[in-house]
Amino acid sequence: MKIKEIYNFLDSLSPFDLQEKWDNSGLLIGNFEDEIKQVYISIDLDEQIVDEMEENSLVITHHPLIFKALKTINYDSYSSKLVKKLIQKNIALISMHTNIDKTHLNKYVASKILDLDVINSEEFICYANVNDSFENFANKISKNLGLKYLKYVKCNEEIKKVALVTGAGMSLISEVKADCFLTGDIKYHDAMEAKARGISLIDIRHYESEKHFSPLLEELISEYLKKNQLKAIITASKNPFKFCTQGEPVE
Amino acid sequence: MKIKEIYNFLDSLSPFDLQEKWDNSGLLIGNFEDEIKQVYISIDLDEQIVDEMEENSLVITHHPLIFKALKTINYDSYSSKLVKKLIQKNIALISMHTNIDKTHLNKYVASKILDLDVINSEEFICYANVNDSFENFANKISKNLGLKYLKYVKCNEEIKKVALVTGAGMSLISEVKADCFLTGDIKYHDAMEAKARGISLIDIRHYESEKHFSPLLEELISEYLKKNQLKAIITASKNPFKFCTQGEPVE
Amino acid sequence: MKIKEIYNFLDSLSPFDLQEKWDNSGLLIGNFEDEIKQVYISIDLDEQIVDEMEENSLVITHHPLIFKALKTINYDSYSSKLVKKLIQKNIALISMHTNIDKTHLNKYVASKILDLDVINSEEFICYANVNDSFENFANKISKNLGLKYLKYVKCNEEIKKVALVTGAGMSLISEVKADCFLTGDIKYHDAMEAKARGISLIDIRHYESEKHFSPLLEELISEYLKKNQLKAIITASKNPFKFCTQGEPVE
Amino acid sequence: MKIKEIYNFLDSLSPFDLQEKWDNSGLLIGNFEDEIKQVYISIDLDEQIVDEMEENSLVITHHPLIFKALKTINYDSYSSKLVKKLIQKNIALISMHTNIDKTHLNKYVASKILDLDVINSEEFICYANVNDSFENFANKISKNLGLKYLKYVKCNEEIKKVALVTGAGMSLISEVKADCFLTGDIKYHDAMEAKARGISLIDIRHYESEKHFSPLLEELISEYLKKNQLKAIITASKNPFKFCTQGEPVE
Amino acid sequence: MKIKEIYNFLDSLSPFDLQEKWDNSGLLIGNFEDEIKQVYISIDLDEQIVDEMEENSLVITHHPLIFKALKTINYDSYSSKLVKKLIQKNIALISMHTNIDKTHLNKYVASKILDLDVINSEEFICYANVNDSFENFANKISKNLGLKYLKYVKCNEEIKKVALVTGAGMSLISEVKADCFLTGDIKYHDAMEAKARGISLIDIRHYESEKHFSPLLEELISEYLKKNQLKAIITASKNPFKFCTQGEPVE
Amino acid sequence: MKIKEIYNFLDSLSPFDLQEKWDNSGLLIGNFEDEIKQVYISIDLDEQIVDEMEENSLVITHHPLIFKALKTINYDSYSSKLVKKLIQKNIALISMHTNIDKTHLNKYVASKILDLDVINSEEFICYANVNDSFENFANKISKNLGLKYLKYVKCNEEIKKVALVTGAGMSLISEVKADCFLTGDIKYHDAMEAKARGISLIDIRHYESEKHFSPLLEELISEYLKKNQLKAIITASKNPFKFCTQGEPVE
């Protein structure tokens, strides 16, 4: 099966033209005419999972491995190192980033993973009704995402409506119309801003909120691949973060 | 005492011209000719601490309250809200940000707070010898900063040399020449980058690593203020983040 | 009455979205949810008129007080000084600039104040038939605007058609299709350009041609305010310019 | 005599490299190798004075005729029209603008024309001691410049120190350290700004304050030209502005 | 006949609004109201052909004489020199560049001059069927354009489809969907790029491929001019290039 | 031997910091710590010469293979295709472009290859005395560079002084102070410009004038490599251009 056939199918699922102008979704490495024998799906790449992939395959990631354009490929940086490994194993790479955030991922995480009552999902922000205490709600999020340790900013005792952006969504804070905002990679100044605006935050983390990309995409493309005698293997780059408390690992 | 006198003294301690070109350190609110009766020092401002300040005073913060230039002052955003409060109480504001990072703060946190063996401190990055296991070192950091819960990326068992940038320093990762890097606000893609480069990370958090600005500055200016019949009051905006594990507060 | 209600009414009269992209019309100081008890209208602000305003009111000006975004509020500059006063008295500020120029002001000044035979008014330029000698026409303008002293560039004895832009409109000279152009703040190089193009100029001054904003707006909103138990007070920043001839004041 | 010889002499008087980066001083029309038989000096050009010039001559103006680069030469605009005339008469054009402002003109107008006690003249701003009442000082300026009609902004009764910039200098207001500022082409918002800063203004007009360029330059180059059997003719573009009061011409 | 009448007729033939945004087609020198007595057509101008033109005429060229906007007209550069000559003879200049490339020229050269089987011509690229050997096709091109000496890059023995852009079209290489590309001014790195993409190139040269502008335009406007008692004279700037081989001139 | 050792040696010969700001000289592919066993030198790369290289080697080229930063590596374009090949064979790439032009190449080609009497060589332009007829000089150039077929622009019968820029140097035409200019990739508008300026041109072609990079560099580094038990192999990407006249190949 040729890459361009899968590319076109993915484009019909979630048009690459929907990506934000700063994004770099699409075919990043490879040639539309190449034949592939194996498809992998992963939120990201790291050295170990590329080592374990078969040659002449295709990997579909959520995050674009090439984000800032490359002036040199010097094997020091994260992207250069993995570009080298992929090319040496002749593995093609397609990334589906802000296009699938908009068409599927936010809604999927909100309804299927977090079990929220979604009322609206457009562009990057997904809204749901809550009507519960902050504590109950935080516990539910914690359990559904499997986060033992929770970082949060609390402004109110009760939450009526929640907004969700998977990954790192704090740049959207001024557009949020809800009393609680769920997103990842929340920085200190973001937290100060939210506090002043009276919007509670629960940090659902970048990796943990977006790793659901893989089962979601697998579900969306398995039938199509089957017809073409292919199967998608879900693989996962490791979460780089570990947590400990007083020397004892927490997660 | 006039604001311009204190301003000039602060400038002699840590020249405002040393600030980065994207920074906004200096006299942000007030008039050089105004008389002040009270000086406050704080890493940042929040509504509560401004409410508790006396009128006609001066507050010196680490982070510039006005960072992105204001086209409107609409009282929704963090900075507009506090600009309003300061002006209504006629409180002047001076911020010392990247200038004092370079001249004092990084070195102070490394040697006085973290008790490290500093070998070199220039521009934003401070280096220290470690020669210890990752576990021992992480525990030491954890204890000295009072962090019950530690987020980290571990690439090696042993650490020889460590680099430190207080606040949010991950944009400097490509310049770091050490096997471990201490900084705050570490995001997921930063962690992936560090992992690929083989540099361990310990997240010393933004607020917790920079709140030491206040006692440091107090020490530096108390004598000068005394001569002018003034005293600096250390106050502290609250850390907006809280942490819990399975419903139980951790910190 | 809440600010957002008046704001919405003003927006229906003269949509803020019509403003030029370099303009800063809209709610510049205040909060949409604030209650106001008094409304003032003025072409601009100066210290004296803000001193005379009641607290917790709203002022609607023609020119945006904040034009260049503020990096500091240091009380030296015109805008910082008045921003301080407004905030200390908790007075909100809405500016209606290029939007009302386009929808009402140019046409109003041309027909009601200057008593011209308007044939067309679109975007910024308003056209009228004249068919009179330059002298007669200049005298009429002089009388209707109350300008004792007139600055002009004369290229023809007869004027058939005149173009008008209130305020400072010389950047539009290359679009003017008329034999005389009325606008304010005419600079020397503007006059050289007009002379070469054979277009006469009469300087109707910036303040004098735009102070009519206040009665115009009062007329447009009085009924609406009345229904809400409010009244608009027309106030006026002083014209900063004075004129004298050989030591004797002229105007 | 070749143009490049005069050009080099002018450059030694007032180096063209001193011009501001937005300026366009230098040889604007002509060829360094061309022979010239006649030299004219004028603040600016207009159609009439070019008509009266001899062919194959050189004119030195203060303001650059080509300021915005030309994409077309369509004979409608001021600069295109005069470019055409100059080329058809084979007249070369050199402009000395911000270079001579800095080296000679501001100081010359302050001391020789206005008879001020100059204390300092650097870059664009020239300072002088005054110590007189505003009225007396304004009358002196009025008389020395021959301005029957004076536009001003008055903030103080007494003037200690005055700053002067010939031409249009209001963009420098925030740098002015004096209680009165003399410059030309003062616009309404400039006046509001000055008023808020407490700096009085007297509008010395653009043309009237810079027409002294011609006798100044003539004095500087006459001896040099004489040695080369040439003479500079002072000519003058007309002031495009006229003034009247109630139909009667004032100036 | 007035220039604006011819201009409007040319605009109806090939709208000037179709030009690329970096282009400068239109009336470059002259005035829409000027009367002209003679029309010339030429791909470009050089000193000799302007010397031979009659005064008070109009010349229509393919390439805009003013391309980079002029800050000075110093008679050294190609465009300044000819601008001078045109103005001194009061000759107006209209250029029709990328607008006529799109509407007429590419198609005309492909079908009338090169005798190709055109299948499609839109924007800048014109496509034709070939189905011949590279050698035969290259010989045909060579003969039809009168090029004794041919520069080419050969990637295939057979050519099925050819793309053509007159003038200098190599910046469009990534859009070309053909096995051979005909254009002029092919540089070394362009050739490397085409070779890697497997697209053969034949350099049809800039002047030689676009000089057909003149007879094409003459055909398009002769009837219109006749009705207005005018005639277009085809003239030609000289090809600046000459070729020799071992001292002997080739073309 | 490690790449960084050779890199440092090359940097001492011709500092990479001398490159123009638009250039991309330096280590483009590879890792400073990699060991290499073989060194190749070539003006450029093409598929065939990379196929023939040994794995784990280093190639030094004149032109940077990565010039425009890469957002994707899609194997269609020249640079992507060769980046893929180099990485798959683990071949490192260093480019020495504008730095060596300035320090060695222009002077070398002028004196050693063209046998000119060099009088001055700085930045990009190299000057030499000629004092010969255009015909004699053109023949000499033709013979010394081995160009059977010569493209030129002739403005004068005699040449006194010549300027030389290897590669594509026509953007420097306005700086050239000579009566003949030798460079490559001369386009039609360049030729028109030179003709108007009276400067003759001889097109010494891009590839043919720069292929001398390889023997030059080999000479400069052979001794150093020898000490390190290495040898540089001169290889050559093919000239993509071929030439024929009436079907018969010329070169």
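Chains here go by letter, A, B, C, D, E and F, matching the order in which they are written, and residues are numbered from 1 within each.
In this section, a contact is a pair of C-beta atoms (placed from the backbone, for glycine too) under 8 Å apart; a residue touches a chain by one contact, two chains touch by 3 or more.
Quick caveat, the model's predicted, so the values are computed rather than measured.
J.: Once the contact rule is applied, which chains count as partners of both chain C and chain E?
T.: Both-contact set = D.
J.: How far, in degrees, do you have to turn chain B to put its CA atoms on top of chain D, rounded to the nearest 5?
T.: Resulting rotation angle: about 120 degrees.
J.: Can you check whether chain A and chain F touch via the same residue numbers (shared by over half) or via different ones?
T.: Same: most residue numbers at the chain A-chain F interface appear in both copies.
J.: What's the distance between the Cα centroids of chain B and chain E, rounded to whole Å?
T.: Centre separation, chain B to chain E: 64 Å.
J.: Taking each chain's centre as the mean of its CA atoms, how far is chain A from chain B in angstrom?
T.: The answer is 31 Å.
J.: What whole-Å value do you get for the distance between chain B and chain C if each is reduced to the mean of its CA atoms?
T.: 46
J.: Considering chain C alone, which of its residues make contact with at least two other chains?
T.: Touching at least two other chains: 76.
J.: What graph shape do the protein chains here make by touch: line, ring, star, complete or other?
T.: ring
J.: Can you trace the ring for me, chain E first, then chain F, and on through the rest?
T.: Cyclic order starting at chain E, direction chain F: E, F, A, B, C, D.
J.: Under the definition above, what is the set of chain C residues touching chain D in their complex?
T.: 44, 46-47, 63, 76-78, 81-82, 135, 138-139, 142, 148-154, 168, 174, 184-185, 187-189, 191-197, 205-207, 237, 240-247, 250
J.: Within their complex, state which residues of chain D touch chain E.
T.: That would be residues 24, 26-32, 34, 66, 69-76, 83-84, 87-88, 90 of chain D.
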